[in-house]
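Lettered A, B, C and D in written order, each chain numbered from 1.
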Amino acid sequence: MFRPEKDFTYLMPIHFGGGKFDPESKIYQKVTSLAMSYETDRKILENFIPEEFELLVPEVQVAFSKFTEINWMHGGQYNVINVSAPVSFTGKKDQLEGDYTLVTWENNTQPILGGREQTGIPKIYADIADLHILKPHYATTTSYEGNTFLNMNFEATNAITGNDLEQLKSQFKTMNTIGWRYIPKVGAPGAELSQFILYPQSIKAETAQIGKGSLKWTEQTPMQNPSQYHIINSLASLPIKKINQAVLMDGSAELHAMGAKIIK
Amino acid sequence: MFRPEKDFTYLMPIHFGGGKFDPESKIYQKVTSLAMSYETDRKILENFIPEEFELLVPEVQVAFSKFTEINWMHGGQYNVINVSAPVSFTGKKDQLEGDYTLVTWENNTQPILGGREQTGIPKIYADIADLHILKPHYATTTSYEGNTFLNMNFEATNAITGNDLEQLKSQFKTMNTIGWRYIPKVGAPGAELSQFILYPQSIKAETAQIGKGSLKWTEQTPMQNPSQYHIINSLASLPIKKINQAVLMDGSAELHAMGAKIIK
Amino acid sequence: MFRPEKDFTYLMPIHFGGGKFDPESKIYQKVTSLAMSYETDRKILENFIPEEFELLVPEVQVAFSKFTEINWMHGGQYNVINVSAPVSFTGKKDQLEGDYTLVTWENNTQPILGGREQTGIPKIYADIADLHILKPHYATTTSYEGNTFLNMNFEATNAITGNDLEQLKSQFKTMNTIGWRYIPKVGAPGAELSQFILYPQSIKAETAQIGKGSLKWTEQTPMQNPSQYHIINSLASLPIKKINQAVLMDGSAELHAMGAKIIK
Amino acid sequence: MFRPEKDFTYLMPIHFGGGKFDPESKIYQKVTSLAMSYETDRKILENFIPEEFELLVPEVQVAFSKFTEINWMHGGQYNVINVSAPVSFTGKKDQLEGDYTLVTWENNTQPILGGREQTGIPKIYADIADLHILKPHYATTTSYEGNTFLNMNFEATNAITGNDLEQLKSQFKTMNTIGWRYIPKVGAPGAELSQFILYPQSIKAETAQIGKGSLKWTEQTPMQNPSQYHIINSLASLPIKKINQAVLMDGSAELHAMGAKIIK
């Protein structure tokens, strides 16, 4: 009969075995990112930020990333659309600034499951096209069962070099990603588990370009996207007042797989 | 700022809103199932059954299902491969017999997330082909990123009618599906949450056929299926001694969305 | 060495073998169709009709179909969006009325190849969602690499019965589908092969419903759909003046696989 | 009404417009290829070579390629599995050596249509996974509706440099790709059009590695792959006596889109 090992960590289904917990285990992957941020309406954005946080700037950050040569996926790959806002957290014990994850779409279910259950990143599924590249033009489309809800377009104008590159490198070197791990009660309203989790991320940028970026959210009906339409329509309701940054970046990431912690 | 409603139930991301908890809310969907069960080796199968249960019979149950016209997906659909074994549970409080879910593959991420987080069904992703139907032959293939790991074939021989149909209807009318909801600790080995959950299922069979069924598990390498190869290879290690049942069934399901409960 | 058999018919690659030409060979498949037609601008529509034809009515016909249990695909299935206009043809030899195929999208490459090369139906690829069904509502989305370009919605209002059903049955029983088979010259402009082909289709309608239908074409950029944007944008330029018919139909089709002929 | 332009070239559907024939138009794309060749049985292989050719060496060439940043696809991409054999052709007019294309699988329908109709390359559809890369290991899987039929694995051992790289570059610089364009008669056996076409290809190799390669064909049933099983099973019947070459290569391609010609 199956009994879990005391010093192992598991994901469902656990009875086929897990892995020995190793605080030093590393995730390695190559990264190409197209990151944009834009100014929006503070009042509307605050509706989507938990009251335990303070919104630092009325800004939405949207980043497409393609991860490849991923060691824990034995060389596999996937694409991500990450949406976040800059916040500060002042708890009884912890005080920190970081990026509160509003939602993360990924085109591969496996990292979605781990991200949600291990670190509270609210990952959900979408089809995310690889970058179409007709230099200096870049484009990607995010959709659900054929229903487009996000278009990102980028025209590279300048390579980032020298001090500007050093500054960008340090921006991506330490990112305080924050998620809200929430598991509902069974047969009752409310949470069985509700925790804010800090999961520091780090990307080693190698080359980067700035350019003109644009993005477009398209509202969805329940028949087009039954479980996500309220998320997409909330994001679509946030006005894009001004693109603050649009950057395309190549590099790699090496991070502590077990480096997350609960913040209080 | 966002604050959860006390009488709501949520899934991540929760800050875009959830739904009012309604114990009477119903799931409705149409169902076509190809269900097979086979005798296997008791010793090997017991390795995958938690020690809190007793294996009633050394039998593996594998069922392909296609769900359509799903109300909570606003008319969407998905396919499932469910693998279970018949067990009994004798806890401090509860005593019952049911089907312990070894693993459930689905080709749609949304029900995977709800199934895992709300009811502990160990759902993971695979591509599951719709039934190819060249009467009386039926076939379906399950794969991951192009790597076939399960083939199911069926040749219908007889319609099930009369008393046999009534018996089959009652077999599908009340099914005690059992899952193990397990959420790991952050930054440490072991479980933050570990619960056995009973989620009664019910299918209203309308027509059914018996026939000759066969299925084949194909072992996978880590590069073919990095997160599931150990599951598939465990299942492939279970000898198929004898097919006990092979049945194709059409019907519908109506079940209490909030009808699951923790068993102790 | 390989040499083609004289009495065989082949598709590329031919050196692995073909099939004996059998004028009696039949295609059998089950069919669910959502067919709509709408009045449009005659001048614009005529731009897309070859001068050998006459446009009978300024009408565009758009039909979603799901074909299943297809005998020549050994039980496989695929979805279709067919777009056509009613025309008459008066050649030196042949005189007939039929539906000139403007474009056909299919979500499976195999029938695309046969349709183009054997019968001149201008089939191209798109992702075509299965009908989402939340009775009486039906919806489907057609897209290319995540870029939505056609939405169809239908609300069933009445079952068609009696004489109306008989009339509908006869409408679907004999359909003169016309394509233009065109193979370009190698290393030069113009056609190596250019033929109009009549391929009679027949659907045996079993049940049908009328209702309120709507459809929406969405214009595409070359980066979204490099080989089809001019087709989609041409169709999007045709005003939808009035929906003439919207019908949902279930049935089957049995047709002569080799029943096409060149019209002159 | 529509009438084709005399100096244009078209693909179906032609009535929405084509492009001006430009003999100088260029295709540009980036290329990553994993190419293997193996010795096989001459007698069996000759069954699949048209009698107009002579098989130079009993060798099968199998190459996975990923094309990206493709100009004519406005920055899109696709994957290819190309299977060929080295032949010589002695016609009434032309005498040349080249690679006769046995079959080409692609995971994008658009280049399949152009390849077949413009240049006679017998392209058909399959799902072809991007390379999984866990250096020095590389793997890819080719499948049809979830049914694996080709696995390729590669372990890089040495970078190719100096004279060896120059030699490899020249191997890829001029490749005489030969296809058989065959369009069947309508309503009768035999060919309406049957031509051998030479389409010179050129890849500019930039970096390359040799290593240990292996590949495996898996036989298919008609229900798994109704239109290709005879092709796959023919290839699977060819013994892999010895891997002659296994090389991984990065580079780019620039070729004359209209550079093909009929050979006689």
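One rule holds in what follows: contacts are C-beta pairs under 8 Å (C-beta built on N, C-alpha and C of every residue); 3 or more make two chains touch, one makes a residue touch a chain.
According to UniProt, the chain labels map to these proteins: A, B, C, D = Acetoacetate decarboxylase family protein.
What you see is a predicted model, and the numbers here were worked out from it, not measured in a lab.
Peer 1: Superimpose the Cα trace of chain A on the Cα trace of chain B, which carries the same sequence, then give the rotation angle to the nearest 5°.
Peer 2: 180
Peer 1: Have a look at A-B, A-D or A-C and name the one that copies the B-C interface, over half of its contact pairs being the same.
Peer 2: Matching more than half of the contact pairs of B-C: A-D.
Peer 1: Measuring centre to centre with CA averages, how many angstrom lie between chain C and chain D?
Peer 2: 30
Peer 1: Could you work out how far the Cα centre of chain B sits from that of chain D, in whole Å?
Peer 2: Result: the chain centres lie 42 Å from each other.
Peer 1: Could you say which residues in chain B touch two or more other chains, in rising order?
Peer 2: If we look for residues of chain B contacting two or more partner chains, we find 73-76, 132, 134, 137, 139, 145, 223.
Peer 1: So with touch defined the way it is at the top, what topology do the chains form here? Options are line, ring, star, complete, other.
Peer 2: The chain contacts form a complete graph, every chain touching every other.
Peer 1: Along chain C, where are the residues that touch chain A in the complex?
Peer 2: Touch list, chain C to chain A: 127-129, 132, 134, 137, 139, 141-143, 145-148, 153, 223-224.
Peer 1: Please name which positions on chain C make contact with chain D in the complex.
Peer 2: Residues 1-4, 6-17, 20-21, 23, 46-51, 53, 72-76, 101-103, 109-110, 112-113, 116-120, 122-125, 145, 179-193, 195, 197, 222-223, 226-227, 230-231, 234, 258-262.
Peer 1: Give the list of chain C residues in touch with chain B in this complex.
Peer 2: 68-69, 71, 73-77, 130-135, 137-139
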